[in-house]
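Note that the chains take the letters A, B, C and D in the order they are written out, and that residue 1 is the start of every chain.
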Amino acid sequence: MREIKYMDAINEAMKEEMSRDETVYLIGEDVSQDIWGTSCDLFEMFGSERVRDTAISEAAIIGSAVGAAIAGYRPVVNTMFADFAMCGADELLHKAAKWRFTHGGKIRIPMVVRAPAGGYSRLGPEHSQCPESLFMRTPGLKIAMPSTPYDAKGLLKTAIRDNNPVIFLEHKNLMGHTGPVPEEEYLVPFGVADIKREGTDVTVVATGFMVSLAQEVAEVLQQDHDVSLEIVDPRTLEPLDLDTILASVRKTKHLVVVDEETSRCGPAAEIGMLVMENAFDYLDAPIKRVAAANYPIPGGYLEQFVLPQPQAMADAVAAVLGREKLDLQGKVVAKGAM
Amino acid sequence: MREIKYMDAINEAMKEEMSRDETVYLIGEDVSQDIWGTSCDLFEMFGSERVRDTAISEAAIIGSAVGAAIAGYRPVVNTMFADFAMCGADELLHKAAKWRFTHGGKIRIPMVVRAPAGGYSRLGPEHSQCPESLFMRTPGLKIAMPSTPYDAKGLLKTAIRDNNPVIFLEHKNLMGHTGPVPEEEYLVPFGVADIKREGTDVTVVATGFMVSLAQEVAEVLQQDHDVSLEIVDPRTLEPLDLDTILASVRKTKHLVVVDEETSRCGPAAEIGMLVMENAFDYLDAPIKRVAAANYPIPGGYLEQFVLPQPQAMADAVAAVLGREKLDLQGKVVAKGAM
Amino acid sequence: MELSKELLIDLYTTMVRIRRCDEKVIECLFAGKLITFYHSCQGQEAPGTALGRSLRKDDYLYYNHRGHGLPKVLPKGMSPKTFIAEHYGRATGAAKGYAGFHNCDIEIGIPGMGGMVGGEATLAAGTALACKLRGKGQVTANMFGDGATGRGPFHEAMLMSATWKLPLIWCVENNRYQQWTCISLTHPKEDLADFAHGYGIPSAVVDGQDVIACYEALQPAIERARAGKGPTLLEFKTYRFRPHVEGFPDFSVQCEGGCRPEFEVEEWKKRDPIKLMEATLLEKGVLTEADIERIHREATEEMEEADRFSADSPWPDPKGLDQALYAD
Amino acid sequence: MELSKELLIDLYTTMVRIRRCDEKVIECLFAGKLITFYHSCQGQEAPGTALGRSLRKDDYLYYNHRGHGLPKVLPKGMSPKTFIAEHYGRATGAAKGYAGFHNCDIEIGIPGMGGMVGGEATLAAGTALACKLRGKGQVTANMFGDGATGRGPFHEAMLMSATWKLPLIWCVENNRYQQWTCISLTHPKEDLADFAHGYGIPSAVVDGQDVIACYEALQPAIERARAGKGPTLLEFKTYRFRPHVEGFPDFSVQCEGGCRPEFEVEEWKKRDPIKLMEATLLEKGVLTEADIERIHREATEEMEEADRFSADSPWPDPKGLDQALYAD
């Protein structure tokens, strides 16, 4: 199968869906260009009516998408940085997420908010967040978080066709990653986890950029320490495919949840809790989470002490297995987009 | 000891701190009046310079508090409804919470955001939230959540003197509750949980309005079913007194976390996870959480199917004890402020 | 502009129906029959009536909390039955009982209301964008209070609408108070229409008690929008006759004797939009005293019927929660 | 207004220092020595210089990302050492290395910067309120780009400042672009100063390439603020000579041949604020060619020294994280 970049997979999804359905349009600041490289030819193909550069006005961008969606369009917002979505928090967390419910389900809000997320580029607290928990704590939103070009394309197409607001957390650090993507059209359904690596000793649930790190860590642990990780990628956090996670935990008896979001009240806490509630008796050891430490994400040199690092994953694996340190010897490094 | 209302305890704390320190001022929409009854005589005593009614502009209210705090004042914001704080989300979650950290700790942001929180008045998704997880996932904020008049006064005084941004979740339904409050000045320190009821069978961690419900439930369970609950009220969610929670769990071996916030990624998930990470071997049964179901909070009649109800607490206690249903027979009812 | 006799009668009748409906809701509230609260719109019937009766069925209208939209949604075509039923919290309500005070009927261009003052402005911009993209001459209107102009998203939406020449009619009902705070404490200028200048869009200040003046001011704005020439900001000077929210007195420690001076309320009550229109129509000979009596009686009966309908309606079924949360 | 010789030289020297510092940062960036990115301020030295040199030490100044505040914070008194060290990510930096591009020195009235364009406006209102409450004649200034005027919080803050007559000077550097999008695509009007009308505050449009004009426009605004008469909105028409962010070309598919037409860039470069001032000072006989040469040489040396200082500075210690998070 041909291999293409994550950013190009996103671009293909946009192009295919915009061609298929003329109610789909893209809106945001400098979306005709997109600093992460996903737009390139969209403006040329679809023009300024459907690729809409706006003023710096996140509330209006997101709020207008809600209003257009209610009136029958399918806006795709790009917030440039996931962090900036907070400037339209009421619009996203109240209007997009709750307007349908508030009105007894009488309207539909088919919209996608593409939120380029993630750290490791040392850009500091307001350009590095991966704000999954913010969206998970907000029923009414769906949340997709692709870790590969294949998933990125298939999930984005599904997101655009979904009749509900979808947060699409495309990870900045994955933009240049390549992977197999079929020429033929396909969709990746929501709520279906993907086992990114089969294994026997420890289940590692991971999302987004963490999947690729976990895969590298798993490789080293297998080679150097004969430890076998099973990596489960939920792909969507809402809906969440708990069954696949539970099945894996029942098999391995050990769980590590890896997540780039701040630890406190994060997805790792939620997933850990769900597993405890549903598979307590299968666990041979307490669940471990590897997530960002409870600080804002510092810029510069200090970032590495806050964001989850590969060795911390290995440490967590060692802990659930009751083993001494499993040293990666620096063989896996978390690299940023810049 | 004299008994006063929760709202009057808040009023006393405001008066005492505004008298003690002239850099303290109150700001928000209609704060000279306050729909929840906590302001009454403040405007008369301190005038329009220190009790500042604003335009409907949550971003400016919260953002200006950050700016004034940096310049040496101690603003106390009242958002009228906790939900409205989301209209100043960037200001609260980025500016207030992170500005100090971003600048290497070179400045201080002593401010309080009083956010009247909670549901049960059937006011729907944007007038009923108890958004604890939003703040817990945001390192840089402190979070106080008083459940009694005593705690309300003592915690608010501590909050105003703290040199950091504090979210003060005063619960609308508690405003009219009375309780003992000393005439003499006192402070309630942050990070010190209070055991609101001693017991032996199950530890119930609860905050805010849930404490008073849990106390009523505990009474009925004791009387009718001979089950003994220990109710631990953390009082502040950040800092969190995990030690007291763990000590109680080590004693009772069973934990139910009761919380009004939406279940997913909520405080109950975090506290549950922390207990698992730190006291896994003491647990005789999986931890149970009782929190709002994963929906927006509907208005009207349907609210009761989403917000945590007393019988659900009893059911959780029964579940962790492996008992048949512990029926409260409707003896405890969750009453709203309106 | 010469308005037809039919239109004049229609505007008058609509205002009477709004008043009767508002009174009925208050009566039910104090009888303990409603599920939440109510913000009466008495005194402010004219701008919404003029707007709702000017729009096409396929135009969109965003309203605010005042009367929970009553003076806008009833003229746009919502039945008092579903309106009152929502306030009863019943499954037959305009939000299927999920809200208690937000009212929605997308079939007649009423997308609903949020809980944040001014929060509809950005949605209105998006709906107007949809109207523009669809190219069928639809327009969107957003009517809100003076308080909403304090909010940033309103300004972001104004900018978007002006830049993209969206078919949007911004209508502010300036009743000089946000809850209990007088506009003199929150806004430096008397005329909120002045905000239009920064966005380079036309604006006008309108007598909001005179439904004919309201109607006449709206027509060019709506035509402009339909013709693709962009938004207009209209400011309707008006006043509410009752407290901000029923059951709470209109009191503020900031002002001696309550938040609104007695004489101010009295002055404005002399300009009751229904009475003013009544006088005009009698004078013009468009209506007789008997017509008026009949219009009032019919409105009263309509609201009594709506009340009965609501009281007899079932509660919403919690089994519907999932379907309300996510569309298929 | 006749500016003193000393002041004229000071303004000129300050602009030269800013230019040299900006060049030095870019040089370090491309040499791979910096920890993040850089948004050059070349071409936009004049407004910030005039502002920074007009304020008292105990006045407050909020800046934006352009030059990461350089053209405002250096004139206000920040040393290029701490500024460059921050870009190196070192513990001696203006945010102790925690940010990489936000710069703070509260001792000289520089509270720092946030990550959101326009996000400082509401803070500036609060700081101005503190100035007013303290009653010592302090003022607050906020200088930001044209793009920031799109954001709602800016408008909320304008309203607050106008209503409460806060001692605040709003300064917009209108360089006609937000990132790669031209203002003609985002704003309906040429002059952003027009926003002042809705808030009833004075405004002026100023030649942002002429540091003397900038200085002269600022004085009455600052005096007004100090005298308790309220805020002013000043719009400085200016232009950036380099791309939005170093390393990314200034390209937009929206515009033929890149986001800014070649001729536009060339036209503006003819109005380099440093060259313009140089000509004025030579003509007035305030400076000789030799003075100019010396000023440039000294600025170059100062920045080399700052570079060495930064490169020799230690990394921040992660043990400090807790103390940075919460104050005692």
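We take it that a residue touches a chain if its C-beta (ideal position, glycine included) is under 8 Å from a C-beta of that chain, and two chains touch if they have at least 3 such contacts.
A quick note: this is a predicted structure, and the numbers were derived from the prediction, not measured.
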What chain lies farthest away from subunit B once each centre is taken as the mean of the Cα atoms?
D
Could you compare the number of C-beta pairs in contact for A-D with that for A-C and name the larger?
A-C
Rounded to the nearest Å, the gap between Cα centres of subunit A and subunit B is 31
Using mean CA coordinates as chain centres, what's the gap between subunit A and subunit D in Å?
36
Approximately how many whole Å separate the CA-defined centres of subunit A and subunit C?
41
Distance between subunit C and subunit D based on Cα centroids, please, to the nearest Å.
45
Interface hub residues of subunit A, defined as touching at least two other chains
54-55, 57, 59-60, 83, 86-87, 90, 94, 101-102, 124-126, 139-140, 295-296, 298-299
Multi-partner residues in subunit C (2 or more other chains touched) are 95, 97-99, 102, 114-116, 119, 150-153, 156, 159, 163, 185-187, 316, 324-325
Contacting residues of subunit A [partner subunit B, same complex]
83, 86-87, 89-90, 93-94, 97-98, 101-102, 124-126, 133-134, 136-140, 261-262, 264-270, 272-273, 276-277, 280, 285-289, 294-296, 298-299
State the interface residues of subunit B toward subunit D in the complex, per the touch definition above.
25, 49, 54-55, 57, 59-60, 62-73, 75, 88, 90-91, 94-95, 99-110, 139-140, 142, 163-164
Touching subunit C in the complex: which residues of subunit B?
29-30, 32-33, 35, 39-40, 43-44, 48, 53-60, 83-84, 86-87, 121-127, 295-296, 298-302, 305-306, 338
Quick one: in the complex, what on subunit D touches subunit A?
35-37, 89, 95, 97-102, 114-119, 147-148, 150-153, 178-181, 185-187, 248, 251-254, 315-316, 318, 321, 324-325
For the complex, give me every residue of subunit D touching subunit C.
150-156, 159, 162-163, 185-189, 194-201
